[in-house]
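Beneath this line is the structure, given in structure tokens, with notes to follow.
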Amino acid sequence: MEECELLEAYFDRLWPIMRSITGDGVRKTHDILNEIVPLDRTEIPSGIKVFDWTVPKEWVFREAYLIDPDGNRILDAATNTLHLVNYSIPFKGTMSRSELDNYLYSLPEQPDAIPYVTSYYRPRWGFCLTHAQREALPEGDYQVVVDTDLIDGSLTLSECVLEGETSEEVLLSTYTCHPSMANNELSGPLVVAALAARLRAWPNRRLTYRFVFAPETIGAITYLSLRGEHLRNNLIAGYVVTCVGLDTELTFQQSRNGNTLADRAARNTFEKTDRRFNVRPFHPTGSDERQYCSIGFDLPVGSLLRGAYNQYEEYHTSLDNKDLISFEALSESVSALEEICRTLDANRTYRNLEPFCEPNLGSRDLYPTLGGTISDQDIKNRVRAMLWLCNACDGETDLIEVSEKCGYPVSLLSTLAEECVDKKLFAVSG
Amino acid sequence: MEECELLEAYFDRLWPIMRSITGDGVRKTHDILNEIVPLDRTEIPSGIKVFDWTVPKEWVFREAYLIDPDGNRILDAATNTLHLVNYSIPFKGTMSRSELDNYLYSLPEQPDAIPYVTSYYRPRWGFCLTHAQREALPEGDYQVVVDTDLIDGSLTLSECVLEGETSEEVLLSTYTCHPSMANNELSGPLVVAALAARLRAWPNRRLTYRFVFAPETIGAITYLSLRGEHLRNNLIAGYVVTCVGLDTELTFQQSRNGNTLADRAARNTFEKTDRRFNVRPFHPTGSDERQYCSIGFDLPVGSLLRGAYNQYEEYHTSLDNKDLISFEALSESVSALEEICRTLDANRTYRNLEPFCEPNLGSRDLYPTLGGTISDQDIKNRVRAMLWLCNACDGETDLIEVSEKCGYPVSLLSTLAEECVDKKLFAVSG
Amino acid sequence: MEECELLEAYFDRLWPIMRSITGDGVRKTHDILNEIVPLDRTEIPSGIKVFDWTVPKEWVFREAYLIDPDGNRILDAATNTLHLVNYSIPFKGTMSRSELDNYLYSLPEQPDAIPYVTSYYRPRWGFCLTHAQREALPEGDYQVVVDTDLIDGSLTLSECVLEGETSEEVLLSTYTCHPSMANNELSGPLVVAALAARLRAWPNRRLTYRFVFAPETIGAITYLSLRGEHLRNNLIAGYVVTCVGLDTELTFQQSRNGNTLADRAARNTFEKTDRRFNVRPFHPTGSDERQYCSIGFDLPVGSLLRGAYNQYEEYHTSLDNKDLISFEALSESVSALEEICRTLDANRTYRNLEPFCEPNLGSRDLYPTLGGTISDQDIKNRVRAMLWLCNACDGETDLIEVSEKCGYPVSLLSTLAEECVDKKLFAVSG
């Protein structure tokens, strides 16, 4: 099966699960992702202090619905997980239409969309519905069933570490707390898992690659409480992957620093392909880059998106569904990330061992011998790229920087630089 | 009375006074400004050495006019102070039309304007008139009366210091040597005095504000010979205020350095309002920034103007009069400067005491608790600004820099940062 | 005779000479250039190691041609030096049309152009011809005469050093290995020799000027093996001069560093004149800047061109001939370089000895004494330039930087700064 068909099949299985920041929905989701690539799971008990936060109670969801005055079961979370305010406390009772209204959430400006509402940090229950449906609810008594629990359980994190020749690491991070929405956010976990599967199949990896699946915000915070010190010592580049399912141009959001290896590799990779993409500065109001790029960590972590959070009108509603996304776009997102990883893996620093005047490339069989007749564009490019490498590889300039100077992609530069190493003209210096 | 009406009333009283770089005209001018805000006056004796210069003789003006061949009194300085070359030496005598012509100044290209001419550093006398009037002067003998004196007197400086909680100072500097002209330069002294009156009424001031009234060039040089060392130790931002009466967009001219706090505060303040304004680089060919930004001082002093020196055709002529300026524009100039001062006063540096991952704002009552339903734009902005502060306040980044990163004005950031201090989340570090 | 007529006369004598990287053709060329300006010649023996290279055998060319099946002498190098593959090994023999074809070079896409082909580093012989002529060559036997030799001789370098008051040097470098082509590259040697003649006639020179004539690549490498250490210690700016004969805008190609004195002087000089010019970044795929700007040397050397290498279709063919170039353009190239040299010679660093407030220019007769009446634009510019100098000459800022700040050319600034030195207001600090 092709990758995009596979992704669609996994999507269909993941869609109906009631996910939240904790609970069995998350575990079932990770079970399925584990079929794409093997994951190591960690459970962090409720109540553990993680920096300024506390691991929350585990949410147990069994069922939730209303019985309307005519006896119909409506707003059943089994039909659409968005009907229940996520992380709702349990409640059973009967109330009038007008009293019930205090517990209903809808969007007057998008009357056909069910909003996605959460209440993690204040005990609440509630139901979400389209504004059209809300306006049509008849007077009368409603029976409310919110069969949930908040228990001392745990928060679920999974990761996959693909070891390479060095301990230098690349991080890919995604979140698995959103229930039935497609772009935000089944796209991120599917793309990251598929990327891990691809890199696992690489014949060799210079770098170590780490793939993280956790609930948004509290999950990233908890993860950093476990691995933050390790990442500070080993991480050379990372990417939060989110909202990567739309058939629009790629967006690379820079790290807080703006010029880390993560930034340089992503920008360079996209510039050297035909991709449509845009680059935007860091801002700490989005997803888990808020944690990775907090003052104390300030890790080299950017974000990859297509479009952007809440810049599409279906954002955080039931309209963010399978119709909205494209599995070709998902697969292309995997490819874009894989190319960034290839750039990172190839990005070494070389030293030209003949720094005074240009080396005699001809004597080393690295240069065509008949001047004036090189007609083939590939040979011309190869020669020019070689001259650039000789002029730029001073032992401090990495291949991404050489690529920025000369315009040739890191892949070509890497091939040529390794030839120069074979001919004893270059040494690897980093 | 409204501020602009008050400014007009003061303008009318200041207009007819014969000002120069020294003399009673300056003292009368400072007497009137002293009614707007209390000033401390200093008299520096003629002959005192100030850096490369010497405090000049004091100019005594009594009267100056011509009697034409028909016995009419013409070019009387009591009618328009511009008729007399400013700082003219005394002269009495009779001379022919053609001999007199050597002492007349007019503008052939602006035949209805009387030019403003000074001769401070070479002993001269002369009369200024419109070119039309000059061409109509009949042949015959003219009686010349220039009843002036140059005496060992003093140069007059005034200042107002509004003390704040810290010794860090903001300087506002203007000049009072120009006789009857409106934009250049009754506008500057009126605006600076009105600003001082406003800041005097602030309930509290973190910074100390210093307002200086002195003749242009020699006055600023003399002032720096007195206070230069103090300013080098205490000044954090300053502005020369000149030509601020036209109803045109604001011009901020940067300091010599171009990126001092004076520059950053002015640019940031104007960018965050709806004001039309432009920013231009420093150049040492204008007004007293030549002294404040000389190599040896290089103080953080920019300039505020509306339009610019000699970029309006009425510049340095009798056409720069009350008709040319707007008292609403004067008052708006006061407001623009007051806003810069508010930015400076609020511009502190904070340290987020929870630097690892984002702080739990909800637990501190600093974050709305129901995700997905914040519809009010003010709340959204507040939350975003708070996240920016948490991510940027590393103990070295001041609020102006945070504002540049995130786009929110310093006023909002300051309010939120102080809330974080109250909640023990932030500490003030500068 | 005017310079451009002289240049044309020298061009006509240089044109028919069979030049190469070594040999008598180079020596004859240098003999003729020596008539323009006296040159010192150095001969470097074949076989000497120069960095990663070896000085090649000297090429002896006597004659080369074919006898076609009808007995006609064709492709005679005496008719056009491009007919022979440059540096061909000797060969005499007879071969069929089809066997001969292996030794022929033509350009199908430019059927009327003879290509310029060299084979320095692999022993080969061959003939170049228009594609039209190649296609018309009849079947039959051809007699081949390539009467050449490769002997242990030497490589020829010439230089002219015009000493100045200081040992700081400016380098002008050109190459003399190309046979009968006009823009690339009789233009470079002619322009550099004419420039040397002009600078030799300057009444005085602050800097030392060095003019180098050598074969491309191996010549520059050999030259650097002799003078590289000296240049590292003394060179403050240099320019490779090549392809300067077209009647198009000037191109300044920056040094590897991009902001050396060579770059700053060239950009500033061109910006302050009416010249059309463009600036482009360094790239190590052109001419001898590859050697001067190699990692180990990284000298402050840019390049001056009109148009660019191989961006005109006649490049490296028989169409790059006298018709293509303009001797007025050559002479203008000399002028452009002379102006850069004037900028460099005038570019000093001064210290204003009255750094606190502006100096009293009037008391030193450096300022007009009657304010408000300076109508002459030259006087205004002079006063403004003087104020800029007083504000900028801090003992570290050179005149090029002052010029960038204020817009006035270095020539005016230099005149004024020297006046200030005469008045003891400025001191020279570099």
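We call the chains A, B and C, going by the order they appear; numbering starts again at 1 in every chain.
The rule we apply is simple: contacts are C-beta pairs under 8 Å (C-beta built on N, C-alpha and C of every residue); 3 or more make two chains touch, one makes a residue touch a chain.
Owing to the predicted nature of the structure, the values given are computational and were not obtained by experimental measurement.
Asks: Any idea if subunit A and subunit C meet via the same residues, over half in common, or different ones?
Replies: Under half shared, hence different.
Asks: Can you report the angle of the rotation that maps subunit B onto subunit C, using C-alpha atoms only, to the nearest 5 degrees?
Replies: To bring subunit B onto subunit C, one rotates by 120 degrees.
Asks: Distance between subunit B and subunit C based on Cα centroids, please, to the nearest Å.
Replies: Once rounded, the distance between the two centres reads 54 Å.
Asks: Distance-wise, how many Å sit between the C-alpha centres of subunit A and subunit C, to the nearest whole number?
Replies: 54
Asks: I need the residues of subunit B touching at least two other chains; which ones are they?
Replies: Not one residue in subunit B touches at least two other chains.
Asks: If you look only at subunit B, which of its residues touch subunit A in the complex?
Replies: Touching subunit A from subunit B are residues 352, 354-360, 362-363, 369-373, 383-384, 387-388, 390-394, 406.
Asks: Once bound in the complex, which stretches of subunit A touch subunit B?
Replies: These residues of subunit A touch subunit B: 50-53, 105, 115-122, 124, 217, 220-221, 224, 228, 256, 283-285, 290-291, 293-297, 316.
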